[in-house]
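In the two assemblies presented below, chain A is common to both, partnered first by chain B and then by chain C.
Up next is the complex of A and B:
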C-alpha cells in the first residue's frame, strides 16, 4: 500500500483525536467541580455558591456544545479509512463504543438539559442529582472509549475466528476489566480533572490580577486548588500504575519512553535528558548528550523491584537469551508461518481439502500469537519513533510535577497569605492552563506513538489496518478537518473569553 | 398529556431564555450538519457495508487485504 496514504490516514486520525481531546478533558473534570460547588450550595444554602456553580456551568456548557459529536468523525474514519481494522476487531471494539453511545452519552445528554434549564423548575435535590449524573455520564463515556483503546494496547478476551477473519469476544469481563484499560481510564480521566482544576484556578487568578470579583475568585480558586491537589496526586499514582502495565505488556514502548537502548538491572529513570540523535540500536554511541537520572526508579516503576532487569531496545530487537527475551527476528519468522498457514487454510477450504485445511488451521493456531509480526520485514520495524515518545513522556511527567507544586502553593497562599498580592503565582496559574492541555496531548502521544507500528499490539500493524483508498481523498479530508476543528476551537476560545470577561454576574 | 406539555415548556423556556446559548446552538447545528450530512453522505459515503452486501463478500475482501503481497 502507498506509504503516503498510510501516513495521511494516520495523520488524519491523529488530528481528529488530538482536537477531540482538546474538548473532552474539561467536560470530564469541570462537571465534577461544578457538582462539588452545587453540593456546597445545597448544604450551606449560600447564594454565592449558586452564583459560582452557574458561572462555571456556563463555561462547561460552551465547551460541551462545541466539543459534542466531534468524536463521531473518528467512527466514520474507522469505517472508511480503517476498514480492515474495523472488520478484524469490530466484534470487540464495537461493543464498548456502542455501550458508550447508548448508556453514557444519553445519560449525560438527558441530565445536561435538567442541569442547565432546570434552575427554579425542579427541586434543589433533583437539580443536584442531575449535575452529578452529568459528571458521572461524562466519565462513563470516557470509561467505555478507554476500554476500547486499552484493548488495542493489550488485546485480551477474544478468539480469532479464521473463517470469518474476525476476532470475536470470548470474555467480556476480560475486555472491560483489563488492567491496561482500567489504569488507562483512571490516568486519562485524572488528566481531565487536573486540566479542569488548572482552568478554574487560572481564570480565577485572572480575576484577581484584574482586581475583579475577588471573593468569587478566591472561593472558586480554593475549590479548584483543593480538587486539583487531590487529583494531581491521583494522576501521579495512576501514571505509575499505567507505566507498570506498559512495562509488562508493551516493553518496547517503555524502553522508547526512557530512550533505553541497553537493558539493565537497577535501571534509573531519566529525570531530564537530551537524546543523541546519532544513537541507534546498531551502534555504541552515547544515548544522551546530557541526562540526569534517578537511580533504581525505572526498575521499581516497571517491575516493582529495584534490582529488576529492564529490557532495552537492543534486547527487544535482537533478543537476549540470558533474560529469556525473544528476538523480533524470531517473532517475525513465527508470524510469517502463521500468515502462510492462514492463507493455506482458506485455499484448502475453498478446494474442499479437509485434512490439509485442518492441518493449516492447527499450524495457524500454534503461531497465532505472532500473527501481526508476519507483516513486518525487518526486526527494527518493531521500534516506534524514539525521540517523539521520549520527549512526550518527559514533558508529561515534568508538567505533572509542576501542577502538584502549583496546587500546593496556591492552597498555601489562599489559606495563609493574601494571594491577591502574589502576582507571580497568579500569572503562573493563568499560564498553566495551556500546559495542562500540552501534558494531556503529550500523554496521548506516548500511548499512541509509543505503540507503533501496531494498530493492535502484536496483532495488526497500522499499514495493514488501513484501507486502500485514494490518497488524494484522505489528504483533502485531512485539511478539511484541520479547518473545521480549528474554526471550532477559535469559536470556543472567543465565546469563552467573552463570557469570562462578562464574569459571574452576567447571564448564560 | 400534561406531562408532555410540561416537558415541552421546560425545553421551550430553556431555549427561549438562552443568551450565549443561541450562538452555541447555531454552532452546534452547523457542526452537526457538516458531520452528519456533508461528511456522512459525501466524504465517508463508502465503507464495507455500502460496498459489500453479504458477510461472505466482506470476509473475502478483508482476507484479500490481509494476505495480498505477503
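Up next is the complex of A and C:
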C-alpha cells in the first residue's frame, strides 16, 4: 500500500476522532452536572434550580448533536477506511461496538427526547430519571468504546485462527475487564467531567465579570467547582493507574512519553523539559536542552517501586540482555519466520500436503506472538513520534495540576470571600475552558500516537490495516470531512456563544 | 442456553437479528420520509413547519441509533461483510454517512440564533438526508440481491474491482427501483406519523393527499422491483460452499420457506391496509400497523436473501468470493456471547415503547409549540 493512502487514512481517522473528542467530553460530564442540578430542583422545589437545569441543558443539546454526528462516522470508518483491520479483529472489536448500541445509545436517545420535551408531559420523577438515564447512557457508551480501544492497546482474550486469518475471541471477560480498558475508561470519562466543570465555572465566571445573573452564576459555579475538584482528583488517580498500565503493557509508549532514551533504575519524571531535536537512539547527544526532574517518580509511577528499572528507547530497539529485554530486530526476525510459516501453511494446505502444512502450522505457532513484527522492516519502526508524545503528555499532566488548583481556589473564594471581586480568578476560570480541551486532546495524542506504528499493539501495524483503495478517494473524503466538521464546529461555537449571551433569563 | 446451538443455528439467529434491525431501521425512516414532505405539507407556513419539525425532531435519534446498531451488529456478527461492503462500496457508504451527519445537527441548530449557515440550509440538509440518504440506502440494500464487483483473497482481504467504488450500483435499474420504492414508502410512513402525532386538521388533510400520490408511485416501483427479483437468477451455494446461479432463486426461497413468504405478504398487506384505513376511514393511528407491516416486509426480504443456502452478498466478478452467512460470520464463541447480549433487545424495545407512550399521550398542538418556555426545534 502506498504511503499517502496510509497517511490520509490515519489523518482522516485522527481528524474524526479529534473533532469527536471536542464534543463528547462535554456531553459526558455536563450530563451528570445537569442531573445533579435537576436532583436539587426536585428535592428543594426551588424554581431557580429548574431554570439552571434548563439553561445548561440547552447548551448540552447544542453540543450533543455534533457528538452524535461525528460518532457515527467513527464507527463506519473502521469499515470504510480500515477494511483489513475490520476483518482481522472484527470478531473481537465488533462486539463492544454492538453492545454499545444496544446498552447505551438507545438509553441516550430515548430519554434525551423525554429530558428535553417532557417537562410538561411526564411526572417530575420520571423526568429526573430520564435525565439520569441520559447521563448513564452517555457514559456507558464511553465504557464500551473504550473497552474496544483498550483492546487495541492491549489485545487479550483472543486466539489467532490461521485458517480464517483473523483473531477470534476466546474470553469475553478478559476483553471487557482488561485492566487497560478499565483504567482507560475511568481516565477518559474523568477528563470529560473536568472539561464540563471547567465549562460551567468558566461561563459562570463570564457572567460574574459582566455583572449579570450573579446569583445564578454563583450557584452554578459552586456545583461546577465542587464536582470539578472531586473529579480532577479522581482524574489524577486514574492517570497514575493509566500510566502504570502503559509501563507494563506498552513500554515504548512510556519511554516516548518521558523522552527516555537510556533505561535506568530510580528513574525520575521530567516535570518540565525541552527535547533536543538532534537526539536519536543512535547517538549520544543530550536528550534535553533543559529539564527539571522529580527523582524516583517514573520508577514508582511505572512499576510501583522506586528502584525499578525503566527501559529506555535504546533498550527497546536494540535490546538489553541484563534486564532481559528483547531487541526489536530479534522480534522482527521471529515475526518474519512466523509470516513465512503462515504463507507456507496456506500454500501446502491448498496443495493438500498434510504433513508439510502441519509443520508450517507448528512453526507459525512457535513464533505467533511476533507475527505483527514480521510486517516491519527496521527495528526503529517500533518508535512512535517521540516529540509529539513527550510534549502531549507533559501538557496534559501540567494542565491537570492547574485544574486541581483552580477548583480549590474557586471553591475557597465562593465559600469564604466575595468571588465577584476576584477578577484574576474569574478570568483564569474563563480561559481555562480551552485548556481543558487542549489537555484532553493531548491525552488522546499520547494514547493513539504513542502506540504507533501499531493499529493493534504488537499484532497489526497500521500499514496493513487500511482498506485497499486508491489514496485519491481517501484524500477527497478527508477534505470533505475537514470542511464539513469545521463548518459544524463554527456553527456550534457561534450558537453556544449566542445562547450564553442570551443567558438563563432570555432562553427557552 | 446459546451454547447448545450449533454454529449454523447461531449464524441463522444472528441473521434474524440483523433482519429485525433492518426492518426496524426501515420503519424508523419515517423520520426521513417526514423530512421530505415538510415543504409539501407546511406550504411554508412557519407554525405548521415548526410543528412538523418538532414532531420529527423528538424521534430522529432513534433512527440514527438503529443505523449505528445495525452497523455494529453487522461488524460483530458478520465482520467479513463489514470489511467487504464498507471498504469496497466506499463512495456509496460515505455518501450515506454524509447524508446522516447533516441530519444530526439540523434539528437543534435550525432555529437557533446566530447559527452560521442560516435556517434554509439546515432545512435543505433535512431534505437531502430524507431523499438522497434513503435512496442510497435502498440502492445499497438492493446489492444484496444484485451483487457487487469484488474479490476476496485467501487472507479474506477484499479487492473492489470497479473504480467507482460502489457508485456503479446506481447504474443497475434493479437497485434504483428499490431505492425509489424505499423513498416513497418512507414518505407514506412520514405522513402517517404526522397524522398520528399532530393535532391539526390542515396537516391531516395535506398528509392524506400526500399519501395518495406516494402510494401509487411506491406500488409502481415496488411491484417492478418484485417482478425483477422474482424472475431473476439468484446466488445459491451448496454444502461445500460452492456458489452458483439458480433460476428463480428468490421466489423459490419464499416458496421453500413458506413462513417467510407469508410474513412478507402479510407485511405488504398491512401496509396497504393502513393506507386504505388512513385515506378511506380517516383513521389516525395507522402508523402502528404500517410500521409493523414495514418491519415484517423488510425482515422477510433479508431472511429471503440470507437463508436457504443463499449468498446474501454476491460477487459478480468472482462468484466464489460471494458472502454467505456461513463464510462471513464471527466465530462461534463471539456469536454465543453476542446472543446473550441480544436478549436485552426486548427490554430496550419495551422502554422505548413506554417512553414514547408517555411522550405521545397528548398530541402536539399549536399551543404547545408556540408556548414561551417550550424547548423547540
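In this section, the second predicted complex is superposed on the first by the 507 of 508 C-alpha atoms of A that agree within 3 Å, B and C clash if a C-alpha of one lies under 4 Å from a C-alpha of the other, contacts with A are read in each partner's own complex, and residues count from 1 in each chain.
Here is the rule we use: a residue touches a chain if its C-beta (ideal position, glycine included) is under 8 Å from a C-beta of that chain, and two chains touch if they have at least 3 such contacts.
Since the model is a prediction, treat every value here as computed from it, not as a measurement.
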| item | value |
| --- | --- |
| Superposed partners chain B and chain C on chain A - clash or fit | clash |
| Touching partner for A:76 - first (chain B), second (chain C), both, neither | both |
| Which of chain B and chain C A:393 touches, first, second, both or neither | neither |
| Contacts of A:164 with chain B and chain C, given as first, second, both or neither | both |
| Partner chain in contact with A:261 - chain B first, chain C second, else both or neither | neither |
| Contacts of A:488 with chain B and chain C, given as first, second, both or neither | both |
| Which of chain B and chain C A:91 touches, first, second, both or neither | second |
| First, second, both or neither for A:13, with chain B first and chain C second | neither |
| Contacts of A:375 with chain B and chain C, given as first, second, both or neither | first |
| Partner chain(s) touched by A:113 [first = chain B, second = chain C, both, neither] | both |
| Residue contacts on chain A - larger count, chain B or chain C | C |
| Chain A residues contacted in one complex by chain B, in the other by chain C | 58, 61-62, 65-66, 68-70, 72-73, 76, 79-80, 83-84, 86-87, 113, 116-118, 121, 164-166, 346, 467-469, 473, 477, 480, 484, 488, 491, 495, 498-499, 508 |
| Touching residues (chain side chain C, partner chain A) in the complex | 54, 58-59, 61-62, 64-65, 67-69, 71-77, 79-80, 82-88, 90-91, 93-94, 97-98, 100-105, 107-109, 112-117, 154-160, 163, 165, 330-331, 333-334, 337-338, 341-342, 344-345, 348, 351-352, 355, 358-359, 361-362, 368, 372-376 |
| Interfacial residue positions of chain A with respect to chain B in the complex | 58, 61-62, 65-66, 68-70, 72-73, 76-77, 79-80, 83-84, 86-88, 113, 116-118, 121, 163-166, 336, 339, 342-343, 346, 374-375, 464, 467-469, 473, 477, 480, 484, 488, 491, 495, 498-499, 506-508 |
| Parts of chain B lying in touch with chain A, wherever the complex brings them together | 10-11, 13-15, 18-21, 23-25, 27-28, 31-32, 34-36, 39-40, 43-44, 46-49, 55, 58-59, 62-63, 65-67, 70 |
| Complex interface listing, chain A residues touching chain C | 54, 57-58, 61-62, 64-66, 68-73, 75-76, 78-87, 90-95, 97-103, 105-106, 108-114, 116-122, 126, 130, 161, 164-166, 168-170, 172, 346, 350, 467-470, 473, 477, 480, 484, 487-488, 490-492, 494-495, 497-499, 502, 508 |
